[in-house]
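In what follows, chain A forms one complex with chain B and a second complex with chain C.
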Partner chain A sequence: MSERAQRLLELADDELVLGWRNSEWTGIAPSLEEDVAFSSIAQNEIGHARALYELAAADLGTTADELAFDRQPGEYRAAPLVELRFVPDWGRTIARHYLYETADEARIAALKGSSDADVAGLAAKIDREEVYHRLHAEMWVDRLLASPDGRVRLIDATRELWPYALGILDDDLRPTWAERVRERLGVDLTNGDAIARGAHADDWTALWDEMTMVRRSVPGAQW
Partner chain B sequence: MTNRVVTDRVVTAAQVWAALEQVEDPEIPVVSLVDLGVVRNVQVEGDRVHVEFTPTFLGCPALEVMRDRMAAKIAELGGEPDVEVVLDDSWSTDRITPAGREKLRAAGFAPPAPRAAATPTLIQLQKGFRCPYCGSTETRLDNLFGPTPCRSIRYCEACRQPFEQFKTI
Partner chain C sequence: MTSVWEVFRQERKGQAFEHAGSVVAPDIAFAEAYAHEQYGRRGESVALWVVPRDAIHELDDFPDELGRNYHRVDGYSLKVKLKEARERAGTATP
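Let's turn to the complex of A and B:
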């Protein structure tokens, strides 16, 4: 597999799996507004995944659906951060939301400058939508930091997820992003070891099973 | 010997544009796909009608319907449709035409604010947008996200009416 296809799959898998996790709040979020917000963010992420899979599929001589749903669990390249299941824990959900969206911003910004016109164009298009995800994540960080209980929950969750979050970005983008998170949250987080792609979280197998169930029941199904 | 005109096209680009102006957006039928600015280019070569279609939001479920409706309309004109989905950065809400914006407003959707050089902040999005029902700017942001990816929810303090606003992207 080409380096290009490999990197596109990492991005696409992150967005697909996170979109799936975000959609687990549909119907049960703490408020109707958040029900709508997480459902809409999930829809965007899965839309981004599809466009990225299409770009990779053209290189690999396959289709977006086959890439999204026909691979074995070990073949997916998502970062373990997005595989973790948090429902019904809102504190961890917001910590991941903030960590992922800010790391994704750094990654997308780098891709917008790519010499590959298809990648740069799609990254710029994705970024237009991601702006709203970041605003939403920032809003919730402010909200949680403003209350003693919220602050404790957010900071504890951030510390717990930090090694996972470090696994999203390449080494060159990581330090600037990590510094930004430390400053924003006013918390000391050591760089430490990242939980890298390929080391799938325990929650992943059950999600893969659910995600691919229809395709496996009816091979080649279209909808 | 007669001079045969080789450009005997089935349809002209202008006819295709006019026909696409009749194709409704699947979710907001008051605006056409041309009003939305998603048709970037039309090129006719013989029977073949090539349309460059730039999607709005990538996760929008209406995209396939838009593509299929355009293809069906071109087929009605007698052309052979070739709708290319262009996944680059060329669509933004600034591509919605003035006529399209007016149709949105009349149907109760606040049109998107023009795109600024910098990305919007939450503070900028909080206040100052005009209610499509009463025209007041005493409105506040209720939710960045709405019933479809392209809309936010706002509330008008003057006429006490929630309304949907197109996000600027």
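Let's turn to the complex of A and C:
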């Protein structure tokens, strides 16, 4: 597999799996307005995954659907951070949302400067939607930091997820992003070891099983 | 504490803003985000106004004690008068 296809799949898998996890809040978010907003973000992430899979599929001589649903669990390249199941813990969900969106911002910004015109163009399109994901994450961080209980929930969850979050970015982008998070949250987070992609969270197999069950129910069908 | 925010949307540049609905949110940042998702993400708006409901002054008292219905656009019905005039003239339509 080409380096390009490999990198596209990492991105696409992150977006698909996080979109799936965020969509688990549809119908049970803390308020109706939040239900609509978070479901919309989830749907955007899956849309980004689709566009990224299409680019990769052209390189690999396959289709976006086959990449999204027909691989074995061990073949996915998603970071373990996005595989974790948090429902019904909103504090952890927002901590992951903030950590992922800020890391993704750094990654997308780098891709916008890519010499590969297709990749740079898609990154620019994705970034225009991600602006609203970041606004959403930042407003929730403000809200949680504003109350003692919210603050404890957000900081505890961030500390717990920190090694996973470090696994999103490559070494070159990681330090600047990590410093930004430390400053924003006002907490001391040591760099430490990252839980990197390639490994999978324990929650992953059950998610893969559910995510692919319909495709697997009639193998090879034209839908 | 959440409160209600009224949302007005403009469909195309230059057009008047029309009331679209409302969102429930704890502050203006949340209200903007929720309005954006509910009234703007499908290309149905080029701009939104988000206004705290408390900032709106509602007027709903329009007394018409003397029945001066000729002030109103629907107050002067031609239909009955026309029928009477036709009967007097013997030209009532079938």
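Quick note on the criterion: the second predicted complex is superposed on the first by the 220 of 223 C-alpha atoms of A that agree within 3 Å, B and C clash if a C-alpha of one lies under 4 Å from a C-alpha of the other, contacts with A are read in each partner's own complex, and residues count from 1 in each chain.
To be clear about the criterion, contacts are C-beta pairs under 8 Å (C-beta built on N, C-alpha and C of every residue); 3 or more make two chains touch, one makes a residue touch a chain.
Computed from a prediction, not measured in an experiment: that's the story for all the values here.
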| item | value |
| --- | --- |
| Room on chain A for both chain B and chain C (clash or fit) | clash |
| Touching partner for A:121 - first (chain B), second (chain C), both, neither | first |
| Which superposed partner A:26 touches (first chain B, second chain C, both, neither) | neither |
| In the superposition, chain B vs chain C on chain A residues touched | B |
| Contacts of A:132 with chain B and chain C, given as first, second, both or neither | both |
| Which of chain B and chain C A:143 touches, first, second, both or neither | second |
| Which of chain B and chain C A:212 touches, first, second, both or neither | neither |
| Partner chain in contact with A:36 - chain B first, chain C second, else both or neither | both |
| Chain B versus chain C as contact partner of A:45, first or second or both or neither | first |
| Where chain A meets both chain C and chain B, residue numbers | 33, 36-37, 40, 132, 135-136, 139 |
| Chain C contact footprint on chain A (complex, rising order) | 31-34, 36-37, 40, 132, 135-136, 139, 142-143 |
| For the chain A and chain B complex, residues of the former touching the latter | 33, 36-37, 39-41, 43-48, 50-51, 54-55, 117-118, 121-122, 124-126, 128-129, 131-132, 135-136, 138-139 |
| Complex contact set, residues of chain B against chain A | 57-60, 87-92, 119-122, 125, 142-149, 153, 167, 169 |
| Residues of chain C that touch chain A when the two form their complex | 2, 23-27, 29-30, 33-34, 36-38, 41 |
